[in-house]
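Below are structures written as structure tokens.
Below, subunit A partners subunit B and then partners subunit C, in two separate complexes.
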Partner chain A sequence: MRSKYLVKIVSSVVALVLVSLLWVLIVSKPNDGQVARSPLLGQPAPSIVTATIDDQPFDLQRRKGSWVVFNFFNSTCVPCINEHHLLVDFANREATNDNGAELYTVVNDDSDDAVRNFFLKNGGDWAKLKDENGAIAVAFGVARVPETWVIDPNGLVRLRVTGELSEGLLEAQLDKLREEFTS
Partner chain B sequence: MLLLVCLLLAFGATRSGGPQTQQDRIDLVTSHLACPTCSGESVFVSRASAAEAIRTEVARQVGAGIRTDDEIISYIEQRFGSQVLLVPRSTGLDSLVWSLPAAVLIIALSLLVGAFARWGRRTPGAPSVADETLVKNALAEPSQDDNES
Partner chain C sequence: MLASAGITGTIGRALLLVGLIGSVFGAFAAITGVRNNEPRVVRLVSRFAVLAFASALGAFAVMEYAMITRDFSLAYVQKVGSWSTPALYNFAAVWSALEGSILMWVLILSGYTLAVCFWMRKRLNESLAASAMAVMLIVLAFFFLVSFFPANPFALGAPGVLDGPGPNPLLQNHILVMFHPPILYLGYVGVTVPFAFAIAALVTGRVGEGWLIATRRWSLFAWGFLTFGIALGSWWSYEVLGWSGVWAWDPVENASLLPWITGTAYIHSVLVQERRGMLRVWNISLLVATFSLTILGTFLTRSGVLNSVHAFSESGIGAWFLSFFAVVLLVSVFLIGWRGDKLRSPGIIDSPLSREAAFLANNVLFAVFAFIVLLGTVFPLIIEALQNRQIAVGAPFFDRLTVPIGIALLTLMSIAPVLPWRKASAETLQTRLFWPMWSGIAALVASLALGAYGLAPLLTFTLGGVSGGAALRQIVLATRRQGLRGLVGRANGGMIVHLGVILIAVALGASNSYSKSQELSLVVGVPATFAGHSFELTDVIEVRDDRSVSVKARVIVDGDKTYEPAITKYTRIGMNVGTPSVKASLTSDIYLTLEPPVRQDSNTARIKVFIKPMITWLWIGTMLMAVGTFLAAFPGRRRRPTDATSAPVLVNEKIQN
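Up next is the complex of A and B:
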């Protein structure tokens, strides 16, 4: 008799756990456009020395004094395509700000021509950085694109957003950071 | 002679047969790292672009000769998180991966030993009145063999 009750209790608990897991799966939203944690936050940004797809040299050390935004991008990645108009709006907004951020696209596993064509078609005149062998992606711990990172004028990493940006997210986060870290 | 054999066996068992070439080191390090975009594949075997990028970075660091294998693995872990380690560390929360199965095994064995001991001690209870009546009736009934004879 006692074991009958035990079986009922155990099976009820198991059923409850399974239903809870199912519920979490149903109601959870995709992990897109989220401010994410990284051991690099608050740490000096990795040293990045590369060139743009137009063969202009780029050294992150020399960008100290400016807010820098890196957007890891691939022209065939659907979330990258989806968020592109938001980046164009963001770049236009920052261009009108005295303390505006510099936006850079970091080309991830894509050809220069494909990126050039994408930007010709969809707009965006900011610099596009080559990432030979994915060294920049590894230095930031980027496995999937898109990802967006913000580096403050002292060269410290301040923000990581994984997945597709949502409208106003980058602007809101950057304004908050500027308020907090601009002396 | 026995002592010598034991010493040689102990030496052989504890000796580190570390990799000799740079490629061996690259293979060893990448086989300890999980491809961050695949499921269950190491960086060593994966052809995914993220794995290739990590492999290239490991090769660069091995070639530079500044970091040890553990330091290179830590460098990658610091960027991609502890989920990039195929063999979890034995410190912190990760140590549960090693200690929990051992704890569960010990508890299960203890419970089994306890249960066997209990079963061994158990003596059959006294027969009830109904049991005794049943046996008495069965004995009283003439068997089929008796009827035939």
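Up next is the complex of A and C:
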């Protein structure tokens, strides 16, 4: 069982494995603050067919051609409340743009009335989507609110932000995505 | 009551600096004192070790003080502190996020360093002990450095903050948060001790058995706590997370399992080196691997490169741990290569049917096991580096590959305890395996009679019977000869640990293969049945406090007691946590969860019922492992070479040595 070759082979294999491991770890990208990973990134978005809280129909497929932003929201969650004014600013900015992104709130385990009242008090006139049984949250893998997702005009998921938005984050990320998309 | 902004933070940070300087100077003193043969310098080492421990303890105390008094001038308290967190959970909040957990690592490592220093106090001017102290102090200095710079728990936060969100809700609803992290760390950090002695042995050239035998109990202690910490984590997952499983192959879980795998191989393999001076390179490599894996694990879970249920990561710290990991690996590999000649052992393995060969096979199996878990854990990183897309590796990959390894390990556990050293004859094996074989057959018959089916579970139960028989045989023989003393000592304690492992294997086999689940739509007053049990919803209530709103469904199981699965919304963080309710018994657990959406005072509720056979035996097996480890730490009676458990030595056999 003793052989010089066996020792050499085993040590070379071990050395190779260790060096490859180190290389993989060195080039791996850490979490960029709140921009999070998901197996959905780069993949077609899940099919979403639902209604708004005013009972207007909504089908994600028919939004192809525009940038779509989903914000998973609950009126009692403190970070959601904190980031709300940033979303209002974002919606206003996009409204002045020809190719503006469409913002939708996905109601996460909350009553329609509570959401309606919150928006009445705090502004924001974009559509709020019902999520019966949490199916949309499950489809995206949303475990806690708030989360913000960006889908490109081809229907592919491009961005996931977990947690409370910071000032300017969504605008900056969307601008970057737009550049990549048109290039 | 609130410390004025900055004072608490400054004191804490100053203490960390003192500790850092103390460890650096201590390492320096250890190295130069021994090099230049100056006992006065060496005596300084213990003073520095005391200083390092005292400052670590002080810094930890300052952190706790800030957390308890809700001193929101500190950024860390702003992150995980809150007026509405109950006192006990607030105390544990210190280790609920990155900076505090590194601080706890520093505290425990400085404690171990001081303990080793005290243990070696009469021998500190020997090169082996002094070098080991130097290694420990260098590692301690690294962690002080991390705690002082990138993971600074005493950084000042934004001004004017009066309250915080509190720790992650999952860390606020079960008492285990007080025990699981510290116990796990006692194991994780404890690996540093045998590692330090291994490096010292390589550096000083004393690579014989001395360092190995001396650090025996330290290794066992660390391994025991690591095992218990991992088991507590699985119990917590089961009780709290609501998916009814005990192990998800999550990156953070794997990070704790990897050093356990190589550590288990190590504590077995050292027996061969002690007895015959063999497998030296294996032992040092396994120990280096175990320690490196604790650093790698910390990198993987703290750097944010992998998504995890446990996520409490921060970018920036990754580079520190990755560099330290690379340095540890490079230095160790260099040292092993340099001392290669000295590590060559005088003996060889006489026969493939011997205990030495069994332990070698054990090492190989565990190495493969560790490689598979490591590969699965970093696979998403590999794919992202090569193909720039993101994937997730889940349970199916791990389960498919680890089940065969588990069965192979059970097989090894059946034969190895009865294998003699050096060489076994077929006759010896036949005699010794007689009772284990029959208990295996009995186990198979019993499982079939109880309705078991499927190749993997039946193999598990049968092999469990055989290995259980082998372990019991050893214990019976030992107690017959020595009475109660036959239960202590490494061999006997080890057999009790094996019995615990077998219980765990059988429990996992049963619950993985025979679990059933069903979602029931319950209406108040109308009982439903599933799997021979009845469930009746009595009402749905809501419980509020200042940090959460909890909706609970009260369900009467089998007409007997009421169980309350719940969904709790933690308002400050925006997170819903499902809390399961479990009816445990020796045969199977009935595990209930409440499915959203549900409103209070509703007269319907969707309840998911899981029937998990034999899960309780997992926890019983864990306790047995803990008892066995404790018993193994006591000195047993040295076995005489002519005792019945050694192989008969043939008259004309040439003894090699």
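The criterion applied here is as follows: the second predicted complex is superposed on the first by the 149 of 183 C-alpha atoms of A that agree within 3 Å, B and C clash if a C-alpha of one lies under 4 Å from a C-alpha of the other, contacts with A are read in each partner's own complex, and residues count from 1 in each chain.
We take it that a contact is a pair of C-beta atoms (placed from the backbone, for glycine too) under 8 Å apart; a residue touches a chain by one contact, two chains touch by 3 or more.
What you are looking at is a predicted structure, and each value in this text was computed from that prediction instead of being measured.
Participant: So, A:109: does it touch subunit B (first), subunit C (second), both, or neither?
Facilitator: Touch partners of A:109: subunit B and subunit C.
Participant: Determine, under the contact definition given at the top, whether A:139 touches first (subunit B), second (subunit C), both, or neither.
Facilitator: Once the two structures are laid over each other on A, A:139 reaches subunit B alone.
Participant: Per the contact definition in the header, classify A:65: touching subunit B only (first), subunit C only (second), both, or neither.
Facilitator: Once the two structures are laid over each other on A, A:65 reaches no partner at all.
Participant: Applying the document's definition of touch, where does A:79 land relative to subunit B and subunit C: first, second, both, or neither?
Facilitator: Touch status of A:79: second partner only.
Participant: Once the structures are superposed on A, label A:15 by its partner contacts, choosing first (subunit B), second (subunit C), both or neither.
Facilitator: The second partner, subunit C, only.
Participant: Name the contact category of A:39: first (subunit B only), second (subunit C only), both, or neither.
Facilitator: After superposition on chain A, A:39 lies in contact with both partners, subunit B and subunit C.
Participant: For the three-chain arrangement built by superposition, which of subunit B and subunit C touches the greater number of subunit A residues?
Facilitator: C
Participant: Per the definitions at the top, what is the overlap between the subunit A residues touching subunit B and those touching subunit C?
Facilitator: Dual-contact residues (subunit A): 38-39, 109, 133-134, 143-144.
Participant: How about subunit A: which of its residues touch subunit C in the complex?
Facilitator: Residues in contact with subunit C: 1-2, 15, 17-18, 21-33, 36-39, 41-42, 74, 76-80, 109, 133-134, 143-146.
Participant: Within the complex, which stretch of subunit C touches subunit A?
Facilitator: Interface residues on the subunit C side: 165, 296, 299, 303-305, 307, 313, 315-316, 318, 322, 325-326, 329, 333, 348-349, 371, 374, 378, 381-382, 384-385, 389-392, 549, 569, 571-576, 596-597.
Participant: Looking at the complex, which residues from subunit B come into contact with subunit A?
Facilitator: Those residues of subunit B that touch subunit A are 36-37, 49-50, 52-54, 56-57, 60, 76, 78-81.
Participant: Along subunit A, where are the residues that touch subunit B in the complex?
Facilitator: Residues 38-40, 108-109, 133-135, 137-141, 143-144 of subunit A touch subunit B in their complex.
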